[in-house]
């Protein structure tokens, strides 16, 4: 399998605090990679640094053969490296449909029709303002926007955070469907059950460094690692 | 009856005020940037029109051309200068744009001299309309109609088109707009150009009414601030409402208590901010 | 289990020491509601915090924990409900007045005076109890001996003495977090609220913070928000779980850990270990 | 680096300036005006640099002081010291009113509000011409003769101004070094925290306004006596703008910087305006240069130079004085 | 040759009145050059930029006293700066002579050191409104637009007296502030009052704005328009002949005045600067000339000596014979009523108007309120 995204020695600061201290990871074509870690470990910071929303101080980022380190976020996005951010980044004063329309890019395998088929709820609410959506609906909208934007790699930051279980199921299914379409995904997720269901490989970040790395099967059986890095007690 | 005329006349003044202020408002909404050079762009719009008309171009060529020239100049200024200071505190926005306004004003004097000039209303619009006791210049009528069409058009662009949606998205969060693949830097330049271009257009339209003189920019800035603050910064309809409100107040006060007109307008502005933090229609 | 017992032991000990306190309840809310526009960030939360207990509040992001703190300290106005401090209704008291009544807080997002020295930060925090004195432009900053002394004590307690003269903005993240807690301590409050005191701290700092919070209960009532379950489960007397602005459940750490609802809403499936 | 930020050193610098101005300037008016605007700018700095309030309304207080001098000295023969006291009191009162209304808003809205008030007071002064002389202003404002000392001569008046200047400058230095001053700095740095720590932030801001208004009015009164007129232009928006520009050019958050800003601006304007009628163009360029390259003003420039020369202790980050203003910027975004 | 004479020209060189300052500066230079030649001694001018602000004006004058030893000042475009500078001249034993508008300069605020060349409001109205009333016996309804301050009120009150005397109906007045730029509201009022004559009593760019907007409202075809206090040539240039045609203007000076003094001036200005003199230039020229002549004659530049020389002097000026009235230092000279020409009737590019009438009207010094101490 060829490598879609390769990150080496990524270092990022917020002011003077050194948040990412040499992160390295890779995402291969067609797979879902999960990034785990406690609150504040630096997961979101990693995703933002990769896509250019934050400017890393150091590090190499290769995306589909291009060195994109230091690129501004919009150029990375034009290359198809799309982040669905933690806060979902919905434009609250734009309607759902406007949110979708401004995301539409030529050549995307998804059309507005596809989106409305995937997320019928969005079609029902397409005249509503983004700010009026529930958390789950906003999450759908945010993913939908990324799909319309012709993604070549999708980075999802806690996509099921704070969502009701049914919606979690729905989103998990959609994520798997996106994978079926051949889009690799880098996902940050606290919910181990979700990870286990979708991830092919797992990285764990601790204090800004990759502390652990394993494929799904190994990780599932590594009670100690989960206890140590995520504070998950195996009863 | 006079009051009816005054109200109508006030709407006419107000439409120009709206045009003058809406650019300032749009710029503020998108860039969180207070532009003290807005009046200077108005000044340039008027002088470009004046210059072109003096050179023998028809007003109908001069007016749009002047607005486009101002737009281009403003966008260039944004790229060269202003984008470096967005992140600085307001103090420096004020400093830089006040400086810019001074430069433009003095350049105007150097190029066109300290005396003002006159721009005749375009052929065919230099008469008056008479309705009973009421007289109204055709050109002013044209300005009302033109601005109204422009207001609707602008509203449609901002609210109804994809480009408008992108601009509005950018004013909510430029970070998230960038995540969708938009070059927010370029959007900023374009919007600044648009906003300043609207001021230039207002200047171009005002030239046949007001004539041109090097200090008309200062006066325009004052009015634009009042309108934007009353209407709510960043609000499109707010600018329209407040522009008309200020225009009508001014016109009606001309009959009621003319010497207090300005006092009332500034008092009103202070009251509005104290009572309604965001202006009449400003959003949080 | 053993940790939990220890916590119970300790809390029993401390409440024993202060048994004759007039009000067993230090801080109480009833049906507290906070609206941001039309959105209710906190909805009808009734909370009762025992004097000198350690009361933690947990819940998913956006549950309204910080907002609840804002309401308790007066930073936001509740739209309904009431807050009582030692049986005094403070629902409509301004935030700075509440400091005088004995509530102080630390912030989730570090909020210091970055260009002032550590000592000056703490002195100001301490002076905040007698703010009107500070209105006198002729008084020198060394005038308030008491405030200076408090600042010194707090620095000692948080091992910040070595950096007393450094600007707060130049401290390391961990030190800033400690100073953040110190700002609350310097006001010598009876009730101290800490919003995620350990967020952004290194492992050893976290351990120290845990001990600090534990020791605070000797003479303060402590309410804190934390995502670090190690601390929450170890030192809390009571845990309140919030979700979507509402109080989900409340109980001892042990009860909370075993509550199925909490596992689903906050602790998640992962804690059960039933990985599919 | 330590000494150059020491208040006593600043007072020494101010005193040195006061003594040296007569040696270097031939013009007693210019020298007096530098000190007078030095006061007004220091007062503006108290708001901008120490409290984080960008006030576009300083001209109101300047004008008020100037009118107090004009009205009391020409119509009521009130002794000058009493007149100065009254101008201080009235300046403080009006500043409390303006401050009380303005601080309800933050960021750009605060700026706009002070701007609106400045226009409002201008038109007030303009409309009540019976009191203010309208466009003509109040003429024949005399310079003082106090206890046998005749200050009507320009240079002797300079020393009159100088004594008041140094006294007020010392008081203001003391103020900035006091608990009060530090609390203002705390408010500028982090208003939310200052409030959370227990300070009634609004009361402090209003107090800062009162002091600022009092000192600015004093400057206005001194100015009216200097030029013998209380003109309408003193209360104009333009006066507010100039005071603000001088403040930023000098450097905010440091009182001696204010004297530096006032002096530099006045001297520069004096020189430029005689060599080129279009000197405002150069001023415009200068403002842009300051914003782009000298964000901490002239004082910041001096600090940087000194620290380069001594190169001992490590440099304070450049962002130091910008930060509080950033916060104000954020206030506008809310 | 004896020592050099320097005349200060305190005028707004920057700011909104910069245009006036620019021409005033030229007028001073010309007068100084001529005097140098005539008296064989060095005569110079020094421009002092007042920025149009009284405070700056006084500061510049004080400086010029101290640093340049200048005691003679010819300038002051705005009333406020002129009043303030006149006071300063008195304090310092200098002489100040001005063309500014406010009556107080030689009225209630007159002083021994302050002279004025321009005709006060009384004469401006007497020499414009009265002749026009006589010329248009059927025009019985007059409407006025007045700036709200002493100058405007001065003009208005004189006009009202004439209205009363002549049985004219004053059908309305609109006051406006000195910063007003938009006059359509006032014009709407005026139209509703159906006047025969619209009397515009503001000055400078405000009168241009008012007139321009009045013309665009078609008022020229419905009534006679009189701008009582026009600034002269530069105003015609800014407005253009189309607007000015058929409109009456009151003026302190017009380059078409047929006097030897004026013809000489027009000639030398054309030669020296390739310009036609306007009010600012001509005014500054005559002010400077008066000062220098008096100083040479007095053999001193001390204020009291020069002032004594000026007081009571009669000379052949730009407007014909002019006299400096001793009691209030007011120059007694003609004021002009002009009428705008059609473009096709203009002999050259500056021939905007014809002189309809001219004459001298002045209040007595007592009536003007001048008590010189």
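Per-chain residue numbering starts at 1, and chain names A, B, C, D and E are given in the order in which the chains are listed.
Quick note on the criterion: a contact is a pair of C-beta atoms (placed from the backbone, for glycine too) under 8 Å apart; a residue touches a chain by one contact, two chains touch by 3 or more.
This structure is a prediction, so every number in the text was calculated from the model and none was measured.
A.B. asks: Quick one: point me to the chain whose Cα centre is farthest from that of chain A.
C.D. replies: It is E whose centre lies farthest from that of chain A.
A.B. asks: Does C-D or A-B have more contacting C-beta pairs?
C.D. replies: C-D
A.B. asks: Using the average of all C-alpha atoms in each chain as its centre, how far is it in Å between chain A and chain B?
C.D. replies: About 43 Å, centre to centre.
A.B. asks: So how far apart, in whole Å, are chain A and chain E when each is placed at the average of its C-alpha atoms?
C.D. replies: Spacing between the chain centres: roughly 77 Å.
A.B. asks: Give, as an integer number of Å, the spacing between the C-alpha centres of chain C and chain A.
C.D. replies: 33
A.B. asks: Quick check on chain E: which residues sit in contact with 2+ other chains?
C.D. replies: Residues 18, 22, 148, 177 of chain E touch two or more partner chains.
A.B. asks: Multi-chain contacts only, two chains or more: what residues does chain A have there?
C.D. replies: none
A.B. asks: So which bits of chain B are touching at least two other chains?
C.D. replies: Within chain B, residues 109, 259, 262, 284 contact more than one other chain.
A.B. asks: So in the complex, the part of chain C that touches chain D is made up of which residues?
C.D. replies: For chain C paired with chain D, touching residues are 73, 75, 94-97, 99-100, 104-105, 107, 111-116, 120, 124-125, 127-129, 131-141, 143-144, 167, 169-170, 183, 187.
A.B. asks: Per the contact definition, I'd like the list of chain E residues that touch chain D in the complex.
C.D. replies: On the chain E side, the touching residues are 13-14, 18, 21-22, 47, 49, 51, 53-55, 58-59, 62-63, 66-67, 79-80, 83-84, 87-88, 91, 102, 104, 109, 148-151, 177-178.
A.B. asks: Looking at the complex, which residues from chain E come into contact with chain B?
C.D. replies: It is residues 16, 18-19, 22, 148, 174-177, 179-182, 184-186, 188-189, 191-192, 194, 205, 208-209, 212-213, 216-219, 222, 234, 237-240, 242-243 of chain E that touch chain B.
A.B. asks: How about chain B: which of its residues touch chain D in the complex?
C.D. replies: 28, 32, 34, 81, 84-85, 88-92, 94-96, 98-103, 105-107, 109-110, 222, 225-226, 229, 233, 259-260, 262-263, 266-267, 269-270, 273-274, 277, 284
A.B. asks: Can you name the residues of chain D that touch chain B in the complex?
C.D. replies: Going by the criterion above, the answer is residues 48, 54, 101, 104-105, 107-109, 111-113, 115-117, 119-120, 123-124, 127, 241, 244-245, 248, 252, 278, 280-281, 283-288, 290-292, 295, 322, 325-326, 328-329, 332-334.
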